[in-house]
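Which chain is which? They are A, B and C, in the order written, and residues in each are numbered from 1.
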Amino acid sequence: MTATTHDFEGPVFAAQSTFRAIMQAIARPGSLQSIEGLKDVPAPLSGEAAAIALALFDHDTPVWLDPELARPDVAAWLRFHTGAPVVPEPALAIFALVGDPAGLPPLNAFDQGSAEYPDRSTTLVLQMAGLAEGETLVLTGPGIRDNQAFRAAPLPDDMAERIAANRSQFPRGVDLLFTAPSQVAAIPRSVRLKRG
Amino acid sequence: MYVAVKDGERAIENAHTLLAHERRGDPQVPGLSLAQISEQLALAVDRVMSEGSLYDRELAALAIKQARGDLIEAIFLLRAYRATLPRFGMSEPVDTGAMTVRRRISAAFKDLPGGQVLGPTFDYTHRLLDHMLAGDTAVAQPQSVPVQADAMPRVSDLLAADGLIEPSPQPDASKPVGDLTREPLSFPAERDLRLQNLARGDEGFLLALGYSTQRGYGRTHPFAGEIRLGEVDVEFFAEEVGFAVPLGRITMTECQMINQFHGSATQAPQFTRGYGLVFGHGERKAMTMALVDRALRARELGEEANAPAQDEEFVLSHSDNVQATGFVEHLKLPHYVDFQAELGLVRRMRADFEATADERLAIQEAAE
Amino acid sequence: MNAPAYNFAYLDEQTKRMIRRAIMKAIAIPGYQVPFASREMPMPYGWGTGGVQVTAAILGPNDILKVIDQGSDDTTNAVSIRKFFAKTAGVRTTTDTHEATVIQTRHRIPEASLGEHQVLVYQVPIPEPLRFLEPRETETRRMHALAEYGLMHVKLYEDIARHGHIATTYAYPVKVDGRYVMDPSPTPKFDNPKMNDCAALQLFGAGREKRIYAIPPYTKVVSLDFDDHPFERYRHDASCELCGAADSFLDEVIMDDSGSRMFVCSDTDYCETRRAAGPALDSQQSEGAHG
């Protein structure tokens, strides 16, 4: 076997470290993981969301853009760098990029997967202003030792209800990634909300 | 004395050195060239290309040489290499109707447009060992005739003109052609994926299944409508130029089985189809693929499906010899841990058995 | 014929993305088997291709990799896989359980408890726990969808009726976070309790069967049992003759042709660490193990 090719190591290692941050985020819901955002991406796409796109999207993953991000230059950037087709309906998307999380569509507008194949549901990537403000949600469930506090802003007022409703149809349901400058966190469908 | 299983790395390296030595055999005997394998063991090369899903005679010859003639090992080598190749896209479907035919026979019609062309076949050879071949004797020059263009329509097309045979089942054009090397197989599988699976499937496994349908395990009343061997063009639709550009020519063997079908409540009796297509010259494989393809269409045609060859999950899950050989041979790997756990259980169960032996004896005596 | 140049950790980036997406969904749905388009690897199916693909998809240049087979770093297949990654990814390898960030394993879970910085990658031959009861994928998939696991309980109960106890010693089925019944891979049932509430992420790769599944950290993993026949761990009733451990899973080694035997730790790093720490410990000093 010959040596590995070194020309691609920059992007190869960037994709790997971004993925590991995402993997840790999903494995430990609500925890903050650091990722490196990309520079020079078309606004309002965030550098962190762009890094996630490069790590996970390709022509096998239809992407839905919320109205905030559904701009020709964002779509063109994604198509050029990832090859992912942009689809008009959230229910057709493997990934959804949400630039205006306060205006997040209902979670059941996205592909929920089926009882036989729950893995075929949409993964949402929400660009947050920050992960230190907003209503505190207390998370429990797989990946969480006792419980985990989680805050993100801006989000719809009824976000807790939406997350609970998403959990109630487990194993079907969507998975949520939240990005902020240099950070990523996740609320996969397995998360339960602690009341009170 | 207790000897730990240490020095695994050195043991592996030594084994590899020994293997390379054995592969070469007696150094007094000249080494095989890839051209010799490709030219003189051509059918082995064809099989390796077919089941290895990669059309490259030179690589297949190399694989056969490296595998010491173990064709399943050679297929595995080619598959593993194939998995590392970049994928630029899909070719246009090859047109076997436009094949430059070297062999073409039909068992359904005595004569037909284009005629029967026997071509290079073992079929009517007497299987007597030819001791002359032990040396390198010259062979006679074969006769050749010029290629007749457009003179060899497919038998199935001739029958289809009268509606006697079902139209070739058309795929849903809105759906992309499946590829089980890119998407894991899920059931029920459509015919595109079934055919791909069979084309990659082990010749011996499919041969046995096809044979079983002839012996009554899922009878399909087959006729070899046509078997053709020859060269076809491969074309690739290039987005940049907006038309299909030729990539080259490859040898293929196609078999169209014609199967009796009594019809159903909604369909008039007519003939149905079973299809086989393989790289290179592989008639046995193409025929048996066609038999099994037809058997697997039982559900779609509303037939009873009780036989092994009609069982889609069974056939498709076990046809791949690279998967099969890996899992069978993995029994060579250490299983100390599981075995120790089982050993403990068997001892415990034997002890229980001994402990209750008297009891059982008493019960037996009482019963007598 | 050009000699191919392989990517970091062998797999091409498109394949890694596909596997990474499967891993994400696997973690989000604990215990559910995600189908993935397993590639042909340069080692045979059944020899760890699933684990190798998972490891290749997560591995980075800063990882420290440990590979064990039957608990041992020195068995030939463990050596072979470790060498593969040393060559294709240039990562540091180790036999030290604590030092490793990624541990690929076949048939054992290390004795030492794992930490939050670690990922345990299992090689899985048959990922479907219901397969031996129902060979059809279409059926087992429906059973998982409906959480219809009665058949599994019936099978275990038949064992009890026939043998007086559950006669499954390895690949003992578990239920993950109260939902999916999962195959722990052919680890001895002695190892099952280590999966519960484990600080490390556990990933499972089945290459030939094209499935990836996961147990997130701190997840409830329960071995299936009955109130009147609770799950029991099993190990040989002996201590390791090398390190004296009375709490580890033991390999029985045949010493000569007259039937003498000795017992040694299956986990070689655990055994060596204990021996390095001091003179062979008396078995009484280890904790009881028949928990």
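Basically, contacts are C-beta pairs under 8 Å (C-beta built on N, C-alpha and C of every residue); 3 or more make two chains touch, one makes a residue touch a chain.
Quantities reported herein were computed from a predicted structural model and do not represent experimental measurements.
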Indicate, using Cα centroids, the chain positioned nearest the centre of all protein chains shown. C
Measuring centre to centre, with centres taken as mean CA positions, what chain is farthest from chain A? B
Centre-of-Cα separation between chain C and chain A, whole angstrom: 29
Separation of mean Cα positions, chain C and chain B [Å, integer]: 34
Measuring from the mean C-alpha position of chain A to the mean C-alpha position of chain B, what distance in angstrom results? 43
Hunt down the residues of chain A that sit against at least two other chains at once, touch-wise. 60, 117
Junction residues of chain B, two or more chains touched: 182, 186
Could you tell me which residues belong to chain C and also touch two or more other chains? 4, 6, 35
Write out the stretch or stretches of chain B touching chain C in their complex. 1-2, 4-9, 11-12, 58-59, 62, 76, 79-84, 86, 181-188, 313, 317, 322-323, 325-330, 333-338, 340-345, 349, 352
What does chain C use to touch chain A in their complex? 3-8, 13-14, 16-18, 20-30, 32, 34-35, 57-61, 87-90, 116, 141-142, 144-146, 176-177, 179-180, 201, 214-220
Residue numbers on chain A that touch chain C, as the complex places them: 1-5, 8-9, 11-13, 15-17, 19-20, 22-24, 26-28, 55-58, 60-61, 94, 114-119, 121, 123, 141-145, 170-171, 175, 188-190
For the chain C and chain B complex, residues of the former touching the latter: 1, 4, 6, 10, 12, 35-42, 44-47, 49, 69-72, 74-80, 83, 106-108, 125, 135-138, 163-164, 167, 169-171, 186-190, 208, 210, 234-236, 241, 249-253, 255, 262, 264, 266, 268
